[in-house]
Each structure stands twice: as C-alpha cells, then as structure tokens.
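Here chain A shows up in two complexes: once beside chain B, once beside chain C.
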Partner chain A sequence: MASSCYITFPTTFYAIRAESVLKSQPYSFKMVPVPRSISSSCGTALRCSCENIAVLKEYLLQKDLELEGFYKLEESGLKTPVVTALDLEQQGINEQ
Partner chain B sequence: MTRDLNLYFDNAATSWPKPEAVYKAAEIQMRQACGNPGRSGHTRTLEADRLIYRTREAAARLFNISDPARVVFTYNATDALNIALKGFLKAGDHVLYTAMDHNSVLRPLGRLRRDELITSTMIPCSDQGYPDLDYLEHSYRPETSLLVINHASNVTGAIAPLSDMIASAHKRGIKVLVDAAQTAGVVPIDTQKEEIDFLAFTGHKGLLGPTGTGGLYVSSGLDLNPLREGGTGSQSEMDLHPASMPERLEAGTLNSSGLAGLLEGITFILNTGVEEIQKSESHLRQYLYTKLQSINALTLYGPGDSGQAAAVVSFTLENADSGEIGYILESSYGILCRTGLHCAPLAHQAIGTFPEGTVRLSPGFFTAEKDIDYLVNALNEIVRLVSG
Partner chain C sequence: MRDRLFIIIAGSVVGLLAVILVLQGNPANMGFCIACFIRDIAGGLGLHRAGVVQYLRPEIIGLVLGAFVTALYVREFKATGGSSPVLRFALGMLMMAGALIFLGCPLRMVLRMAGGDWNAFVALPGYVLGVWLGTLFLRRGFTLGRSQEQAPVNGYAGPSIAVVLLILLLAAPAFIFFSEEGPGSMFAPLTLTLGAGLIVGILAQRTRLCTMGAIRDLILFKDYHLFLGFAAIFVVALIGNLFTGQFIPGFAEQPVAHLDGVWNFSGMTVVGLAAVLAGGCPMRQLILTGEGQSDALITVLGMGGGAAFMHNFGLAGSPAGVAPAGQWIVIISLVILFIIGAANIKMPAKNKSKERAKAS
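What follows is the complex of A and B.
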C-alpha cells in the first residue's frame, strides 16, 4: 500500500503562502486538491512524504503560517484510502 | 485644434493611461488562467490563487505591511471604507472625521447616525483643505473609538498631517482609518512607521490598475465583523464564514483579472519608486498651478505649495458655470476633466464653493508639460470668450 501525507490549511491564502515559502527549501512537495477522504478545508492541500511532514510543519509554523490538519493516506488502487489524522506534537509521527 | 485622448486631466477620478502590462495581464488572466481562485484545486485555480497571493504580497510591500494576510481585496476604496466602518463601529461609538472626507465616508457615517448607532463630529478644514488640529484636540469624547483621516483631498489635493493626527488619536487609545483613495501609489505610505490601524485604498487611481479593484489593510490584533459572508472555498462544512484573514473579509469570487492588472500597476510603481512618482506629480501640479495663476480671472483653490498636495487643482471662473467650462474644454479642445462637487460636499463648503462646485484638473504620472501648456492656452481662450 502506498502512503503519502497531507497538510491542510484554514484558507487558500495559507496554502499558497506555504508553497511560496517552501520554494527555496530542499523538501519535495506538491500542491494538490484536498482529497475528498479528508473532510474538506480549502481546495488545496500540500502533499509530501510522511518522513518530511513533521519538519515541514515546524518550518511553516516558524514562518507564522496558520495550518489546519495533518493526515496520512494509505491508498490501495481505486478503493477509498484509509485516512489517519496525525498528531505531530509528539516526537515522530504518532497516529491519533 | 487637435484632439488627443492624452489630454486627460481626470486622474483623480480614475488614472489613464495605464502601463501597457496592466492591460495585457488582465486579458491573459481571463484567457489563460481562468480558474476560480480558492475553489477547485486544479491547475488553473492554483494559477489564479498564486496570482492573487502575489498581488497581496505586492500591496503589502508597497505599504510596508509585514503580514500580507492582513490585506483584503475589495471592489474599490468605497467598499474598503464601508467594510472598515461597519465592521469596526459598535452601537454607542463616537467617530471623528474631517470636512475633506468623501461621500464614501460621509454616507456610511450618515446611515449609522440615522440609525442612531453612532454619533460623530466633523473636524473643520481650512480653505486650502487642511484639518484644524486644535479643533481635533478638543473633539475627543470618552466614547470616541475611531478617527477617519482623508489622506489627500480629492478637491484641493491637500495632504493631511498624517503622523500628527495618528499620534493625537493613539495617545488616547483611539484607532485610525486612513482613506488613501487619492494617495496610494503617489504618496509614500508606511503602515508600520505611521502605525496605521486601517488603510483603505483603490486600485484604479494612483495604483494604475483596473476599476473594480481595491483593498483594505487591517492591522494585526484587530478583527472586523464581515460586511458580507458567503463562499470562500474553505471550511465549506461550517455554517459561519471563516474567521481567518484574509478570507474573513472576502466572500465570493474575487476579481482575478482585475487583480492581475493591479499586480502590474503596483509592480510598475515599485519599480519606478513612489518617491519618484510623487516628485514628478508634485512638479506637474506646481507647473499647472503657476500657469493657472497667470490667468487673472480664475480663482484657484488648494495649496499653492505642491510639496504638501496630491496632483489636484480646482478653480472657478466668476459668473461661469463650472459644468459649462468642462463642456467647452472637452467639446472644443478634447480636454477631459471633472466639474461639480466631486462627491465631497463638505470639502466644497470648507473652501467656499458649495453648491456650485469647481472645475477640477488632475494630471497624472504620464501627463506632459506640453499637455498643461495646451490646457492653459485653452483656458485663456475660454476666459476671453466668457469675459468678452
């Protein structure tokens, strides 16, 4: 099963601001429509590898961005992916 | 005589021409990046989102705003002023404003007064258009919550002493709303240095953008109640409008093609430098003012020293209707200007031209001295005609 992680934002402004401030950083990420399996916040979410999500979150918070949620999606073909909300307050990625 | 649309002396109403990039960007946005910003998540939407983000950043840079999320896009300055006044004022508040204020301030305040929600006091202005600061000092009340400052008069060009007025309000804990309709893009505005609480601006005048664009800056820590609520593309499951800025004060699809043009207008200003633009317009105003002074039959209004004035000069000609002069200027000389009360009845009362109004000439950054020479020659002929 492939898995990837997502950061959602309270407003479009912060989604695009995230893209803008991360441009100069060495992390790979992509702006994508919020997966429907994550109940919708704004139309655009940031998709990244699950190894990087905690670091990205810290970096974005340092830049005063407002973030909404953190999710892990495990995908299996066309089936509805399994969504796990992540609690990134703990060390590493602990599933809530 | 030749008629040339360059003989446009109505930049205080809306600027013309715009930099070429403004026209092009608005068209390209409509043709190629036409997604609804904030809504769908596909690539065209993302392109529109990025464009609006860049426009917000550019506006923030121009006004030295540290957080672009505090810049809200509006239809124009009137819209921004309505959002600020109606979103900030509470029942029982007292508001200070000046005689130079435009109907975009006077009418929202008039309605709030009529509905017995607020009281207000008008600060009188000199016949040049400068507010009476002593009067201001004695006008504060315990329930005063807001001072509205008209940064520059659209009738005389007089630039209000912003720092002094803001300091006067702030030492009493009173917030300040600056109406920069006539100054954004042509007079340097530093929101952090001046500690401006709310700044209302339009996109289609000094910022050289299309009509239907403008904005409101709300300093951090101040939350306005939204005037409009609706779709934002975010938090769609909630039955209340999102509280996060800037969407808090933006509902419905933004004018993305207009904002694409506005971005180019602001970029032109940032590249040219506001100080440079101010210097150039101040020179043009002084050139115009001095030439008009040489026509004895005209009465001029507004500061004789253009160092403290936006590029606006008003005049009257004794026994001549200002509307008629405007009509002759266009029909016989192809010169465009604005006559009448300029939506600022109290300003005309202050300078003694109510209710007849004045002829208002407002050159812009692209006006040439030879245009002013042609205008002055036309006015000389009109004076001879009227007096003859």
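What follows is the complex of A and C.
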C-alpha cells in the first residue's frame, strides 16, 4: 500500500505561492489536484512524503501562507483510498 | 489509479450519452451544451425573445439535481458562498457571451470536434489560449477571495430552482416559451434527457470532470488527470458518431455553427479566461451549484443573464456568422476580463512581510 501526505490550500493562489516559495528549498514535493477522496473541491494540493509534512507546514506558515488541511492518503490499486486527517499541532504527526 | 479509471469512465459516459441524445432528437453535435441549454432556459422563461432557442432543457435540471442528491448522499453538500458574487455574476455573463459567439460551451466544442466540425478545431487553441491567460493571472496571485460557510438555505437555492424549472416544464403554463422551429424545438424525450442529466450530474460530482480544469492543470502542474476525462469525451463521441453516421467532416454547413475562424477562436478565448477566473467551466458551475455553492449558482445566473443580453441585443453568433456588434462584444469581454483579473491580484506574501517590516 503506497502512502503520501497532502497539504491543501483555501485558494489556488496559496497553492501557487507555496510552489514558488518552496522551489528554492531542498524539500521534495509535487503540486497536484486535490485527490478526490480528500475533497470534492477542484483545488490544488501539495503532495509530499509524510516525514516532511510537519516541516513543510512550519515553513509555509512562516512565509505567511494560509493552509487548509493536512492529510495522509493510503492507496492500493483499485480499492477505495484510506484518508486520514492529520493533527500537526503537536510534536510529530498524530492521526486524528 | 482508481480515480483515473473513474474519470475516464465518466468522460466516456458523457460522450456516449451525447451521441444517444442527438440520435433521439437533440440538435446535431448538441447532445450536451451547457451554454446553449442555459440560453434555451433563459428563452423559455421569456428573458429573451429569440424564438428558435426557447426550451426548459431537462439536461441542466438533471445535472444540478444529480450532483445535489449525490453530494447529500456522500455528505459533501455544504452551503458556501460570499466570494465576490458581483464579479462572479459578471464572469458568468462573459463566459456566456464568448460561448454564444462560438455557438457552444467547451463541452459542445469537444462534441463538435467529435462530429467532424473543423471550426471547433479552430476554437480549441483559442480556448487553450484563454485558459493559459487565466493561469498567468493565477500565478500572479489572482483570487476572488475565500468562500464562507453560509446558512443551508443558500445551498438549497440552486437545486430548488432546478425543481421549479422541472415543474414548469411538466406543467407547461402559457407564460413559458417553447420554440416551434430551430434548435429549441429539437429535443430527445424527457425521460432520456432528464436521466442523462442526472447520470452526468452524479458522475461529474464524483469525479470533478471539468473541461477548464483539464487544460489548467496541464499548464500549471503538468497533471493530466482531468484531461483524461476531456479526452474520453472526445474519443467515445467520435467513435459513436462514426458508428451512427453522425461524423460529417468539414468546415461548411456544420449544424449550429459558422465559418468565422477569428471569432470562433477568440470567442472561446473569452470562455477559457472567464472559466479560469470563475474557477470552473459551465458544466462544473452547475455541479458546484448542486453541491451547495452559491458562488457557482451566481455564476450560472450570470450565464442566464448573459444569454438574455446577447440575444436581446442581437449580439450572438448565428450560422450566418458574427455581426460587428458581436465582434465588439468579444473585444470588450476580453478587456473586462483583464480588468477583473488584474484588479484581484493579491499582494504576494513576501511583499506583505516587507510592508509589515516597514510599518513597524
């Protein structure tokens, strides 16, 4: 089962800003449409490894970006993906 | 993988239903045309008096109600709105203006391409150009602002309007207009058109099928997920048209179309740019309306207003071409879109930080 983590944004503006400010940073990430299992909205999300999501969140907040949500998505072929909302307020990643 | 399979299925079903609807009575290459059908509804309600395009199209009613019922069932119905409603109304009007110059929304553009109408192949790069221009605004920080959660009644407004339209269609009171000739008089049986709308509404709600998002995501993020749905509509409609003898290649004498390449191209540029700024193509606006977004409903109402404006003032294209006044509308629409785009560019975060530092 493949898993990755996602940061969602309130508007496309913030998604594009996130891509722009992270370009010069050493983090590995990709901008993608928000996975359908996370939201029915047609926004853009940042996909990253789950090890990096807390660091990315802190960095983006420092850059004055508004973030909407944090998710872990586990996919396995044609089965329904398992989505877990993440609580990044505490140290490390706690699944809600 | 799963999401990709679903969007290909959704696009294929839209393409197939479009072919069937034409076989059963809809105008040629117009199995689905969101702009044309909203224009027909505006005419049916008497908002314009173009006698050949007046009918309360059940496909539109089905799309909204299909998305509404699905969103309720999967608990994704949420009343939201309040994001620049006046500008969204204007964007809906402009989106309709561009579509009525070309004679079709982006969905009908794909269906016209699949029917062998080469004029639609001229319009496609215009649409891509419009979406690309829109992404330039997005990259520079364009936003209409955040939607807020609203009282549920706001979300129920769109589906309620759809139900009222359905009642009016069934009751057919004297004050509702029904075309006796022209495209408005051509329609498949009610059960089929309503059923097709419901099915596409359900599928589009589940997959977020969007003809603008398909191009936008390719340009912005090189992501082809939504484009798979766009391509599936074309491929299946093309195969269906070939098998049923509805593929008639050429520029001339295409149904509900004109030969004016410049205005086919630029009309769809207007639609593409307006759709990016409004956050979705005409079909997507209907789906979002069904999900409870009053911002999308306002855009749809703007489209209805735009249809009335275009036909009442004789600005819409016709098989004879685009009148000079209609050509001016394209230019004026592009100017207004650039003003809306530029006026809503939000200050980049880094500059905001600098300003704060200066202020302190």
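Some notes on this structure:
Here is the rule we use: the second predicted complex is superposed on the first by the 93 of 96 C-alpha atoms of A that agree within 3 Å, B and C clash if a C-alpha of one lies under 4 Å from a C-alpha of the other, contacts with A are read in each partner's own complex, and residues count from 1 in each chain.
Everything below uses one rule, namely that contacts are C-beta pairs under 8 Å (C-beta built on N, C-alpha and C of every residue); 3 or more make two chains touch, one makes a residue touch a chain.
It should be emphasised that the depicted structure is a prediction, and the values quoted were computed from it without experimental measurement.
With chain A as the common reference for superposition, the partners chain B and chain C occupy clashing space. Legend: residue contacts after superposition of the two complexes on their common chain; A:D64 is shown touching both chain B and chain C.
Look at A:V21: by the touch rule set out above, it reaches chain C but stays clear of chain B. Once the two complexes are overlaid on the shared chain, A:V83 sits clear of chain B and of chain C alike.
By the document's definition of touching, of the two partners only chain C reaches A:E75; chain B does not.
Contacts of A:R36 after superposition on the shared chain: chain C is touched, whereas chain B is not. Applying the stated contact rule after C-alpha superposition, one finds that A:C50 touches neither chain B nor chain C. Once the two structures sit on top of each other via chain A, chain B runs into chain C at 77-85, and not at any other stretch of 5-13, 41-49, 59-67 or 77-85.
Chain A residues 10-13, 16-17, 31-33, 40, 42, 44, 64 lie at the interface with chain B in one structure and with chain C in the other. The part of chain A that touches chain C in the complex is made up of residues 10-13, 16-17, 21, 30-33, 35-37, 40, 42, 44, 63-65, 75, 77-81.
By the touch rule above, chain C contacts chain A in their complex via residues 1-3, 5-6, 71, 76, 138-139, 141-143, 145-146, 205-208, 210, 213, 217, 220-221, 223, 225-226, 279-280, 284, 291, 346, 348-350, 352-353.
Of all residues in chain B, only 37-42, 45-46, 49-50, 52-53, 56-57, 67-69, 232-237, 242, 244-247 touch chain A in the complex they form.
Listing the residues of chain A that touch chain B in their complex gives 9-17, 19-20, 31-34, 39-44, 64, 66.
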